[in-house]
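When the chains are written out, they are named A, B, C and D in that same order, and each has its own residue count from 1.
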Amino acid sequence: MKRIIPMWIAIIGGFAMMLSSFVPLAESAGEMFADVFNVVAAIAFVLGAGSLAKQHLEKLSRRDAGWGYSIITLGSFLITLFIGLGKIGIHPNEQFPQAPYSGSNEMEGSAFGWIYEYMITPLTSTMFALLAFFVASAAFRAFRAKNTEAILLLVTAFIVLLGRTFAGVVLTGWFPDWASGLRLENLSIYVMQVFNTAGNRAIMIGIALGVAATGLRILFGIDRSWLGGGDA
Amino acid sequence: MSSGNFNNTNASVRPWFERLDRIDRRWIFLLMFLAVAGPILWIGVTGKTLPEAPTLAARAVFEEIDHLPARTLVLISFDYDPASAGELQPMATSLVRQCAAKNLRMVFIALWPLGNQVAQQTIQDVIRDDYPALKEGDDFVNMGYQAGNEAVMKLLLTDFAKAFPKDSRGEATSNIPMLKDVKMVSDFPLLISISAGYPGSKEWVQYVISAYNEKMNFVTGCTGVSAPQLYPYFPQQIAGLLGAIKGAAEYESMVNASLAVDGVATPPKYLQAQRRMGPQLVAHLLMVGLIIVGNMIFFARKRRGAA
Amino acid sequence: MTRQSKTWLVLGAVFVALLVARGMIGQGLGRVYVKRTDVTVKLPEAAVNNAAGAPSALASGSTNASTTTAATQAMETPAAASTASSSATTISWQEWKQVTPLEFNAAQKANPAQTEITLSWPRTIGLWLAAFFTLAIFSFLYADNPFYKIAESLVVGVSAAYWGVIGFWDTLVPKMFGALTPGLVKSLVQPSLVAPEKLQQISMIFALILGVMMLWRLLPRGGWISAWPLAFIVGVTAGLKIVSHVESDLMAQAAATMKPLFVSVTDASGATNMWDSWWASVANVLLVAGVICCLAYFFFSVEHKGVVGGAARVGIWYLMITFGASFGFTVMGRIALLAARVEFLFDDWLWLIDPNHFRGL
Amino acid sequence: MRITHKVPRRIFTNHSWKCVATFLCMAMCCARVFAFEISSEMSESVAPVTQTVAAQDIFAENVLAHNAPEQDANAPLVEPVNAATNFNSAATPNAMPERPWFNIEKLWLLLWIVFIGGAVTVSVWLAKSGRPIRIRRIAALEAVDNAVGRATEMGRSILFVPGIQDMDNIQTVAGLTMLGRVAKTAAEYDATIEVPTCRSLVMEAARDTVRASYLSAGRADGFSVDRITYITDDQFGYVAHVVGSMVREKPATCFYMGCFFAESLIFAETGNAIGAIQIAGTAESSQLPFFVAACDYTLIGEEFFAASAYLSGEPAQLGTLRGQDVGKFAVVVLIALGVLASTILVMAPNAAVVGWFLGGLQKVLGG
């Protein structure tokens, strides 16, 4: 019973939503679901926060290796939560001075804004910037002419990379007009227009069918592994 | 995250390619950092930028605007927000500068909520600061943001004033002198979109340009992420395309060259894209070099293995 | 001392020495200046009586927390003004906007005693912290180390709370509380709130029930009920995505592939341009063949042998070309990100370069 | 792989009646809609007629466009049709003042879904009735057992990252079904599996899934909730934690299954540096190049959605894969016909029948 009811909830919800896409009157059902989902996700944050607190408190109480870092995580979590939820130091919005909480947490000069600008932004954007290093090491290691597939991958990446720089333009810019299609920058546009379009199109068609089949497996009750059902 | 530790004891016995293949990847990281930091420092200190050789797609943007007669109406749509300003602002600045210098009449619109803000900023930086003779309402007008994404585009097909009933100052569209003869979007011979995603260039092509391909030309500047999706439309529907900071730099160099005055240095705000291309060039060359070295190792080892 | 810690020590020492040296020359190191503006806002007549109690609760917190330089003045802001005299119908506070060092220098030149533009200690400290974090994350490229661990622990704690706060103020308050307790939200948060529709209210009650079911897990008994909202979400997602993917991916992409294999391109004079026609035709042939071959690769119930096998092999080639091209195109964006961080270090923090002429170099 | 199941021939099994019932419902809806279309065309004579005329005009324009000197013939045939129809509907917004209960413009979309649903249903039914199903080898999935076994041998853990999106993304759902399979294998091999998640709801769903997998493997005692944790909703905050713990814990095997964005390469390169076996699967086509370059095995797009069914080895699930193939075959045939028709049309612009045929094909695909 504990698995049958959720399965039917999914089936009914899914088919109702599918049909609503075709009924003009219910066209906003998708948006409404998005709202409902966002609210549920926001409420479920309590569960995530609980898990976070639990793992670090356990680490602390066990005095695991690196428990000091758990203090940092927990402390920064609680402080940020307190400042943000209480809108500490936020003055009301100029348009609505009568509403004490009308100010935005993101406003310049607020404590929450400070945390965002000087902690979250540098930390996350530097993490993002690590990618520049990883593309280099991945290119060095993986782009080797081991077989036909690897050669195609490598040669295309090479052409596009070179075509994106001034050097590529200088290298092949002297090609006469009738062979202008072979200039690196045009070659990379050609690759994008033909091969990339073809590949992406097929991937998208495949994904659409894959999504449809996955969805139908769920809606027909064939696949219940997501339900914690293991095998049907 | 130390990768396989280099074994020093018998390093000298190994052939060069084996040593290079087992190179600690941290050396690659260091090279990458230098490839980016070096040019930034060099360009920052000397103020010089690297040369650009404009590609076909960027040249087309410049020529589309360049061949228009003075006083032509141009519709410029700001479809991005400050988050993608790093890539797109240099394009917007140069596009508006070229239009202002050519004395075209510019109509600004925004389909992104924050697009109006970046449009205002661009108008301030380029038109008000450097072309103070241009008058709002006669030579340019900012119609502000209009919600509705493609719905706005569809409305523009039939009725411009309905889509944008007033400008950002609050002036009714019917009272704006330069818009007197504008009924619908096809009254603009050129449409420019600076686009960071949805709604943007792709939607302009699908809803507006395909309907008026003979009457209107369309040029666009877009982020690196969306450029691959737009190339299939070039040059049929999109007459000119600026992709990412590279396209911006190429176009910027063309505009600067066409407006250069002897003895006067180009202000830094018109060099943003070319400045940012410095680290790109060196880092791309590094990547190309790494791929070549990687394959030299591969083939050297293969030959050794075969011998 | 191990070799690694020696390396760290030497690197650290060299770095600090360079930093001190940099601080001695030129204009020094990164600082942030702010400009103060006083804001006075009139309370709407009707609101004065209603809200008189509420703002005072917030009063002590209404200072601009990060700019403590002026905390003493700021302490006497909103509520102080509105509670001091019952007839007061205005509230006021101070705002601090960041300005360039150039503006600070100009203001100092004009009037050395000015207090309008000042050095902001909280923001300057923030700037240095940000620089420290940037370097701490970069240090991970060398090896895992305590600096990275500090940065990691901090970013996890801060960002988890950040998204929780965003979820509360940007989703729960306007959407759920706005629909269920519009009066409260109107008086405290968003006076411009539009009265919720019936349907909206029903959907939010539904959401609340689902949310409570999720939280039931925290109770010792009956946690199984949280499977219901999850099932609802999964089912509805499946239903929605089937429709949207079939429409925008399958149908639209297939329709776009129906291209003629033979095209004739005519130039301005009306004559057929053989060369261009040939290229355009080849492009279309390659495109159509590519789509079909790639689809052949994705066939599951047919062994990749014979014709299908050949087509699938060509399909894989197409996919590899696609991946190579995407890889090459993405590199530019990634390097731009690194360049932005390096520019932050060199420009905002070390004041080594000044590309935007903020310091008038 | 060749799976032959000898299942007793029972037509109305538990699943089939459900599938058949839902399929019948959908078919009935379509039939009703067809009837609606006919009756609406009969009653509202004005609007439909103008629309047909407009459609013909567009078509004529289209053919003209191919011969017009300044128009490049390479221009996609589809977009002008699309846009022009949209233009028409925008120009005459009041053609249908009342909102009908069915959006007639989406008729073909509904039929496509019914078609795919029907193909899946029939395939499942055939599979259940004992027809042998052949499924081609998917290397990445063949490697799953070995990869899990390796972790047990090395005494290290398995890392499973179910993407960075929430439960309203179908890729996350597909990732979780995959997690169910991997967790079951891990439970059988007695390997530990760590699942850091980026969303609270995903954490809860993953806990349910893994718990059930351990249960069905008969190792309920081996399950620990604490190995499935919430980190942070922030993309790069999450990445910072995961790569940090990767270099410290050094998992022997890493699975990346779900929706990924820029972090794909950070994970894959870090995993590579610690020498882990890496199996990735995503439908995010912009990230596939990075997984392909840096991981040992990658499930590309549709393969990722097929993974869970493939690993289950159940006839019903494998049947859905064949249903997918039927859909793909239909697409290939339609594309081939469309290409043929438009090619003929270029060579002989006056072939009205072919033009009409092509128009029909476009309509089938929502054009």
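Everything that follows uses one rule, which is that a contact is a pair of C-beta atoms (placed from the backbone, for glycine too) under 8 Å apart; a residue touches a chain by one contact, two chains touch by 3 or more.
Quick caveat, the model's predicted, so the values are computed rather than measured.
Taking the mean of all protein Cα atoms as the centre, the chain whose own Cα mean lies nearest is A. Of the two chain pairs examined here, C-D and A-C, the one linked by more C-beta pairs in contact is A-C. On a Cα centroid basis, the chain most remote from chain D in this structure is B.
Between chain C and chain D, the centres computed from C-alpha atoms are 28 Å apart.
Here the CA centre of chain A is 11 Å from the CA centre of chain C. Centroid to centroid, with C-alpha atoms defining each point, chain A and chain D lie 18 Å apart. Inter-chain spacing, taken between the CA centroids of chain B and chain D, is 33 Å. With touch defined as above, residues shared between interfaces to two or more other chains in chain A number as follows: 11, 15, 18, 21, 37, 40-41, 44-49, 52, 120, 123-125, 127-128, 130-133, 135, 137, 139, 141, 143, 153-154, 157-158, 161, 164, 192-193, 196-197, 200, 203-207, 209, 211-212, 214-216, 218-219, 226-228. Annotation for chain C: residues 137-138, 140-141, 144, 149, 151-152, 155-156, 158-160, 162-164, 214, 217, 227, 230, 233-234, 238, 241-243, 245-246, 250, 254, 256-257, 283, 288, 291, 295, 298, 319-320, 322-327, 329-332, 335, 338, 340 touch two or more other chains.
Along chain B, residues 1-2, 25, 29, 32-33, 36, 225, 228, 232, 246, 280, 283-284, 287 each make contact with two or more other chains. Those residues of chain B that touch chain C in the shared complex are 1-2, 26, 29, 32-33, 36-37, 40-41, 43-45, 86-87, 223-225, 227-228, 244-246, 268-269, 275-276, 279-280, 283-284, 287. Of all residues in chain A, those touching chain B in their complex are 132-133, 135-137, 139-141, 143-146, 154, 157-158, 161-162, 164-167, 169-170, 173, 185-186, 189, 192-193, 196-197, 200. Residues 138, 140-144, 325-326, 329-333, 335-336, 338-340, 342-343, 346-347, 352-357 of chain C are the ones that touch chain B when the two sit in their complex. By the touch criterion stated above, chain A contacts chain D in their complex at residues 11, 15, 18-19, 21-25, 27, 34, 37, 40-41, 44-49, 51-52, 54-55, 58, 120, 123-125, 127-128, 130-131, 134-135, 137-139, 141-143, 153, 200, 203-207, 209-223, 225-232.
Across the interface of their complex, chain A is touched by residues 25, 28-29, 31-33, 36, 50-53, 55-57, 228, 231-232, 234, 246, 277, 280-281, 283-288, 290-291, 293-295, 297-299 of chain B.
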